[in-house]
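Order as written gives the chain letters A, B, C and D; numbering starts at 1 within each chain.
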């Protein structure tokens, strides 16, 4: 039966044949890929050709964006009834298995396409200014282009294996980019950590994939969505297992509890990388995966609750760590983790559109914040560089009063701060409000969602606080950089500020893509309508009751108040006392110290998991088996002679044939006992 | 269709033509040796003769395969089915690649003894007998021909104490394991009265294996477990690979392992498919142990050669996992994974061969640091190898892992699938640093290759292997199909129902 | 003296010699005890009606192969090697592991011709290689005639032709290999 | 027919050979213990051939050939290592490890 099970069932689920621009969607992947090849070749052969690298590196992204825009226009003009599948070639075809290398063009993937190429283009342009002086300029752009190509494969893939190529690929690029400045061991370690933690998540995706194959005999998203509701029981063990394993992948990639620790470390890479990969695109892949498989998650309410719970918890937890960080990028890193938590709260609640909406607005304002911080670090770095100082260019305690020197950066980052804090009518306000309202509305079906909503609200307060604290410490008050350095502080060049302006505009008005009904002006619920075909099936399975009328207004009032309170507190408390520079600052004490040390999570993981593993391998395998058994059992001190000759690597492999034979025989005795039973 | 009567001497000759031609090649090389025996050019000539003698063997194989040779009546002594032909093709590929990679290596290391190539061909013929055996006696003798030749090849670098030690260790443990294997054959024969694999299968059809047969099967598995370096019978492998000349280490990791697995598939799927409840737990346990131990210990290796040795142990674990289901898909997965593994490993050992000298024992991560700057193509090839061994999507290795997982999940052993995935995640911990070092670390002042270069044969071998890995990673369809088709020929000749099918 | 008694005496001698072989510190003594085991086994072969095998056991195994061992030991002048056994803990471990192995293999003692009756009836039936060759009826010969050289030669050159030819390759490969390794100068 | 007792003797001799392999450090003696194991298997073949026909005796013949081939190569390998270390004691032969 196993084999006949593999016989291809007819593909079910509607799909549309590609026409017009959609047929050429693969160009969006091909352009960055070509960029990677060209820049890679330049990196190897002529790394000094920086102008060519800049033109190619950003040009391919703009071209990809043009493709995305064209496809978007086509879809807008003629909304297809079902996803358009652009099949490029038969990838894994064998009896009973037909996996096409195919792209799926529908409303959701186009949104992602636009975000990745659009925000990606801006960040590429910014990088031209930011990385210009770096020796590895061409290599940097090669990796960045490759990353975008993989990211687009991820969002465009029409089935899980193709998505997985992108999923693994972005992980690999992330690893390469985090450890871009590999000379510093900490950076290389951060890259390794990111890769390994991500692989734990990837494991989940792989297992989910095989469970799906086993149960549904297809890995095409369209087919899965069509077939699963009829074949698997709602909230049954299998569907819960599948969705939980998928979510494990999301937890790894999107840095949720308990696998979030890699993301703050990932800030070791260049700042534009943090903006592109660790804020705007790759880390949101988990949210995308849930939205893409919304039908599966809607069929597993238990998993959805776990998703929402983990999301809410992460939002709160990460925000609280952000309260006491001094490194400007670390604050933003924890902020990203926290905002991703919001997105998972949304998709776990069943508000898939709200999740995607927040994903989009977050891409705008978080990219802006990261790039803005990049400008600040750029300025600080130059200042310290000019005076040969070795102070930390990223420590906010060394900043202060930068508003004077960098007015554009200040203004634009302020917009982003207000947006992330949820001040009406900026983009973040609408998306965050929609998530919180959905969570509150779901409280009617299960009380626990009220708790999630409360956690989201508390996280909102903290968000407003730490963001304002960041702004106050960086831009307000007196400057603490140092007298000599001060004169070297200046605004970044236009090639860097330009993208910031665009992002500022988007952060400002980004909410327009999905205005709520109560908003006095503009078209309402555009994104809701746009994504309706994608999430309709899931919404029917798991409807979201949005609050209306007085409740709605009360919720909005509460949220805005909380944002305002947070902002004011952040501003006043931060500037209430003079801030010592990083050099002179006393150690934090009490709970502040716990927060600064990020709840000691890294240390706890280290103590609970890493060190026992190392200790196990060292003590048991080496000390116990080798030194104890081998020496103790008395190979006449041969181990000593061996050590003198220089031991390499594993200590169990003693080189003693007698020991090998004993191991062999123990295995043989065990094996014979097993078969003789 | 081309029925061949294996009962007649002429039929057997026809069926064994590829093996016979390889043996003839070995003897031809010996004759060339008798006159030309002294210089590097002589050695090269012997290599060329050896390589050329593979061509008629391959042609004979192609003729048999394309003609659809099949036994008239019952299979006898030697199998005649698609699975054997595919096995022979794999072994011929591994042998040809090893010969090509040996040209430059032997000259550089001053190993001027043209007998090398003749022993290589003897070993190849042994592998072919073994993998295509329809009878346990043929299997045992083929294994001995292979082993005896490889024992000598491991110690071929007579000036090196490491090479001598590798040969001694391999020989002593190998002979020890052979005794187990032989005992297993004796008991399996005693339990069934048959040495023919399909004969055993028929005798057992539907019945239970008597105790003597179970013990025999267990002992057989021990012997084969040694040959494929499965934990806990693996301890020899790192030391022996380490001490052997690098092309030979590659040959052991590819040819010997492939022959072992192909023979194992034949034994388990043709002779004892009905005793699956006896061997499946053992295979599963060996698979898990190999995957865990191989990958974990590989993490702690500094020398790339030893790292590859432990990695080959881990890959034995993956292959055992592929073997586990006992289904057509399982046999197909073994073939496809072996193909991916052989190609990748041949290329990896080939690259290793130019990275160091004097046996490559001292090649570490530092040796590849900054390789991309000076030798971008070499670094690229190394990267592809590591990614394929890791099972990264887009490489042939991924397709192989995919096939294994499909088979295992299809046979409902989720735990085994999970362990395979987890351990291959661990393997990222030692494959990726190689890529890291090649691309991201700065080279020292000296050229990492120190003037060593691939000769043309080496470049062609590695380039072809890398191209195939990439092309089949992207377009694996036809290979997957034919692998399953090939597996179908084996399962059909088994003539009895397989576990998994029918559930 | 019945055949059974002789068997047990020879079996005891074989086991005792084997034990002495593995515990003798002097390699030459080990070789001699191993040869003694082989002679005892040859005796058992005669009892089991395998006279030809008994003959080549003495001629080839004890006579040729073991003499080769002896020769190499003498050549390397290893006669006075002492302290050749591993230490006490290893001995204990070895005995334990071997006990486990023997505990499993000893189950074979329960096998009787009766328990194999099912096979006996079909041993030379359609399924066996021996019956495959029309002329290969040797297997059906009476047990008493089995020791005859011809009775073995028949299947060897007919049924087992392929393995027989492979042994020729094996010997050639071994000779080439031995020469490559042992020759002082190539 | 002495089938059971023969198989038992064979198992005992095989085990003794195994013990020897574990116990001995002299490569040549260790190799002799492997020969002992092969002899034990031969006894199994001969004993079973009483029931199953002459095939078993033919196999013994093959096993002897294999033993001869292994002896040739094995002793050559031992000679090769002796040239390097002036000893065949396995305790000295552990350069490869880790």
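Quick note on the criterion: a residue touches a chain if its C-beta (ideal position, glycine included) is under 8 Å from a C-beta of that chain, and two chains touch if they have at least 3 such contacts.
Because the structure is predicted, anything quoted here is derived from the model rather than measured.
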| item | value |
| --- | --- |
| B-D or A-C, whichever has more C-beta pairs in contact | B-D |
| Chain centre separation in whole Å, for subunit D relative to subunit B (CA means) | 26 |
| Subunit A and subunit C: spacing of chain centres that average the CA atoms, whole Å | 67 |
| Geometric centre distance via CA averages, subunit D-subunit A, whole Å | 61 |
| CA centroid of subunit B to CA centroid of subunit C, Å | 31 |
| Numbers and ranges of subunit A residues touching at least 2 other chains | 635-636, 648-650, 653, 655, 657-658, 661-662, 665-666, 668, 672, 676 |
| Multi-chain contact residues (two or more partners), subunit B | 137, 141, 144, 148, 151-152, 155, 158, 167, 169, 172, 176, 187, 190, 193, 195, 211, 215, 238-239, 301, 303, 306 |
| Subunit D: positions in contact with at least two other chains | 14, 17-18, 21-22, 25, 30-31, 52-53, 55, 62, 66, 69-70, 73, 76-78, 80, 93-98 |
| Overall pattern in which the protein chains touch one another (line/ring/star/complete/other) | complete |
| Residues on subunit B engaged by subunit A in the complex (per definition of touch) | 169, 172-173, 176-177, 180, 211, 214-215, 217-219, 221-222, 225-226, 231-233, 235-236, 238-239, 278-279, 281-282, 285-286, 296-297, 300-303, 306, 310, 325, 327-329, 372-373, 376, 392-394, 399, 402, 405-406, 409-412, 414, 417-418, 421-422, 425, 428-429, 432, 436, 439-442, 474-477, 480-481, 483-484, 500-503 |
| Residue numbers on subunit A that touch subunit C, as the complex places them | 632-636, 658, 662, 665-666, 668-669, 672-673, 676 |
| Residue ranges of subunit D in contact with subunit C within the complex | 1-20, 22-26, 28-29, 31-33, 35-36, 39, 42-43, 46-47, 49-55, 57-58, 60-62, 64-73, 75-80, 82, 88-89 |
| Complex interface listing, subunit B residues touching subunit D | 137, 140-141, 144, 148, 151-152, 155, 158, 161-162, 164-169, 171-172, 175-176, 178-179, 182-183, 185-187, 189-190, 193, 195, 238-240, 242-243, 301, 303, 306 |
| Of all residues in subunit D, those that touch subunit A in their complex | 18, 21-22, 25, 30, 90-91, 93-98 |
